[in-house]
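Next come two complexes built around chain A: one with chain B, the other with chain C.
After this line comes the complex of A and B, so read on.
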């Protein structure tokens, strides 16, 4: 598909596998090169069905693009096309053999990158198909990448099947929030609903890959039972109020009291920094726990794995002064104000969540916290801009992909208002401003700036920690 | 100085309206004996519409009665008025089909792009113009209504056959 004409060369050369030499003159669009590519394309299309309307790959299909760019307008092939049934490859992968052009990218990926040879080409000639070795299944934690690698619609994600068309999706550069690795990702949104997460290339972190547990765990970003209004307890019950009143009430509860903060390791560096400032100003403590699971490395890429700690900003939370593990309620006494900043309380003892006052800054209001005095609804990571710090200390930006529900505001916005109302630094109105203050005050972030982080992030000045 | 108005003397054959009146009466009497009818006694009588008439939609069905639509999403993409709502799904046999297919006939500008773009020849505009409804909601045609309509479908303009012959 990449044949080009090179002057003084005896025949056309495949551009992808030919090294450039001194004095080369290459003609990409010469009639000879075009004819050759058109011929190759015609051969590829001999057995490829004309089912783009029902194919999930349509719109992001390399074969479709090439055919549109320089393929024949019609087919000269009269004979019936090859037919093979659809096969379930296990994991998240569905194999539609009819669409396969046998490029063997999936076979080579499983063989050399995942280091678990599951796929092979079986049969020969025009009967050749991709199949699994006897007794094997595509259950490797990183097997889902074959769907992205497939240039046509032969390998499809079962999760995404028939859900949306590629051209309807709005895309935002993001960072996978599901473990401390911090793989760069793209959130694809349709009708304000995240429908797919795909890898985004970053040579320093995840190259081109994203693990299955990571890419499939996006549904919590769409959950419907969200906290949508700021609420304040009055006459024994929580009543909706406007933001100014809720912030003022929270600030008055904080006045003169020490705090204990339960901070979610899913919060951005900016939010954690402001929470840390609050702890510093009021006196008190901050802690968090993190969900864990089995670690699953991708052997073909150095230092890439689905990490055991399943939250994006564990490292950031530690750097910004929050204690990890143990009993997160250890520092809590009944003369302190408890601030629960989106931290998961489902595994904590609900009776221990007693304090002088309880302020919930969260995406949801769990029943264990229904005794809260103030509820400040915040956006989740798909609905705000921010940065995460991955386990190697790399600070990476993620961008807003969808709108927040109701009156919910980004965590950094709410917290900067709260810090200001409690007598701290004046409110800041952009995540970049908060990050600037963070960079000015913390050694790990020193020298970094919001724009400079770009799409691939930055390591601290001293190198990887 | 007084203003003087010049009054032109016109010849009698121009100034008289007798000739024009007679001409008009002649036409009237001609129509009495040899009528050229324009008025159609609607709704008992109807004028035929052009084969390229673009009216409210129809969804064609397969032999089994199911809609031909495979939910490819091209018609909502091409629709300039954004009046087609489509949610794709999968049936028991693993075939792609529309869970929801709605056309808002109020928003529709009857351009015919949806019919032109449809790879399955499923959605068509109809040669039909009687669209009155008792409620606004009635103008959002769902899949059931689109498949149940029986009026003839539009034949789109074909550049190789501009006269439609």
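After this line comes the complex of A and C, so read on.
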């Protein structure tokens, strides 16, 4: 496509496949180069359907962009267009052959990056199409990346099919929360609902890729059964109150009591840091467990895999003093106050969740915790700003993509108020302030600052671990 | 001897001397006809000296592009520690060309010998002969010849007992036009889809299996053996005195509307008019020659008048507005509908386009559709402008062209 004129070269050069050499003079906008590109565009379009209005790629289509930039306004092609049926490639991928321009990015990705050559070009001439090898499917855990790589609407995500137009989406830089790898991602939101997660490039972590289990596991960010307002137990039942009353009630329950904290490894470093301060001040313990699943590496990229531990901040929770694995309730005694900070309790023995008092700081209020004394509703990771620490110790920021439901507040906000109310450090008013305090007090985060983390994160001074 | 007709006295019979002579196919028969003397000579020489002789002879590539063979060989840098390869392009997929087929059918050992000499000259221990899938009979003869050569110790770890390793392998293609393009051939040989590679890097730097590779046409390698045996001066006896750039003899395959189709070997610079009328017998009775494609179907077509003035060498055909190409002469007489003929050729290219570059993939199919519409009486004047414009747009903007 991108033919450019190189002085002294016998013919135009494809820009993406030509190495620059000493002394080269390249003309990108010369009449010859522009004419050639217009010629290529015309050829790419003669058999390409004019179905942008119903194509998922519209708005993020390279062919559409190039056509706007330098394409012809009309078509000289009078013959019937080639037709091929839509094919299910397996996994999350649908192949709309009519839109394919045969750039073969998908074929090359599966061959050289995924190292599972499932795709090929079959046939020749204008009959050529992308095919699967016989008996194969696009079921590789990282196969969904071909949808992002496809410059046109030929490879589509079944999950995103006909869901939204690209220009209707709000986008926020994020970090995939679904395993300890910490792949950089973009959360795409429409009407306050996450509709797609795509990879965001970071050479040090995930290059340009996101695994299928990771990218498709975003629906929990939209769950409707959320805790939406602060509540305290009054006359035997939970009753809604304002935030001040709820924080005051929680602080009074904590007074003079040791705590046991069940902290979710999905919480931010900031929230975990404040919970850790609470444990330190009150005395007590903190623990967590993490869901696991099979590991799935992407062989063409060093140190990139869907990791067995399926939560984003396992490393952060460990660094900040929470014990991993075993029985997370081992440290709980009935003279302690139990704080459940969004930790999954569905697999725990409900009868063991007994304590002097129970404070729930959560995105939801599970039935097993309906005996809570105070409920403090918090935002999930898509609804707040924060940082996660990945398995190699890289600290990475994620940004807010949508609004939290009801009166829910970010966990760092709630915990900062609670720490202050319980007699600790004064309340802080931005996640960056909490991170600053964390960086000042913890060796792993030493020298890092909120702004400096930028969009690609930072490793501790000693390097990756 | 000549095949299928007797050699014409005006032919310069070197490569085609044993066409039609079944005994030349066997090792014993080939040796009786002076075979493998050139290889024995070569293995006793320094490789660089062979390259120099071939360079001096003026031998140029017989596959189509006409690149000087000795110069190509000199691009290979011996002693760089990498394996080097020689590829023999026996794909002969250009429509109208069938000279390599006859070389392999009648004188398979000539090609084995040429490959062994070429491999040694460029510092390669291995040569691959890539034969197109449709060439079942030539494949059979080549396999037999290679086996005979191994059994006789001509090839192998100690070729001809002279302490040098020369291996020759025969590989059968699947029958794709594009696999005659050198880098597509290498991809195919490696087991990949036969798509041309983007150059640079050129094969001499990174070719087969990413290693320095030289690729030569069948006729070129066979001619190189004769050059080595008889010397550069001997080879230069053929050619126009006023054109030292084209030397030696050249095989032309002639087909179409002509009295005596077949292969002819003539000196470079032979008058095309004499060739068509004297050697090939002119048009069929009662017909007139209308047009000629002189170098395989991808070179420009010329009228009978233009053909009559042309001289048969690289420069002569360029002066006539076309190219020597692979030497596949296709003759059309006045009974032919040229639109129909061109539409048919266009269909071939549309069918065979490897589909890698959009210009060729879509352009060949588009031109075919327009030409077939014109053929069927549905053309418009605008179609002609569109055809010319598509042609311009395709030329030079694809990997293989």
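Quick note on the criterion: the second predicted complex is superposed on the first by the 462 of 465 C-alpha atoms of A that agree within 3 Å, B and C clash if a C-alpha of one lies under 4 Å from a C-alpha of the other, contacts with A are read in each partner's own complex, and residues count from 1 in each chain.
Heads up, the rule we're going with is that a residue touches a chain if its C-beta (ideal position, glycine included) is under 8 Å from a C-beta of that chain, and two chains touch if they have at least 3 such contacts.
Owing to the predicted nature of the structure, the values given are computational and were not obtained by experimental measurement.
When both complexes are overlaid on chain A, the residue A:455 reaches neither chain B nor chain C.
Touch criterion met: A:36 reaches chain C, while chain B stays clear of it. Which of chain B and chain C touches more residues of chain A: that partner is C. Looking at the shared chain after the overlay, A:443 reaches neither chain B nor chain C. Once chain A of one complex is fitted onto chain A of the other, the partner contacts of A:330 are absent, as it touches neither chain B nor chain C.
In the superposition on chain A, A:14 makes contact with chain C only, not with chain B.
Using the contact criterion defined above for the overlaid structures, shared-chain residue A:123 touches chain C, although it does not reach chain B.
Applying the stated contact rule after C-alpha superposition, one finds that A:47 touches chain C and leaves chain B untouched.
Of the residues of chain A, not a single one touches chain B in one of the two structures and chain C in the other. Within the complex formed with chain C, the residues of chain A that make contact are 1, 3, 10-12, 14, 17-18, 36, 39-40, 42-44, 46-47, 76-77, 79, 82, 101-102, 104, 120-121, 123-128.
Those residues of chain A whose C-beta lies close enough to touch chain B in the complex are 52-54, 58, 86, 161-165, 167-168.
Per the touch definition, chain B reaches chain A in the complex via residues 70-74, 77, 88-90, 94-96, 119-120. Only residues 176, 178, 193, 198, 350-356, 358-359, 361-366, 369-370, 373, 386, 392-393, 396-397 of chain C touch chain A when the two sit together in their complex.
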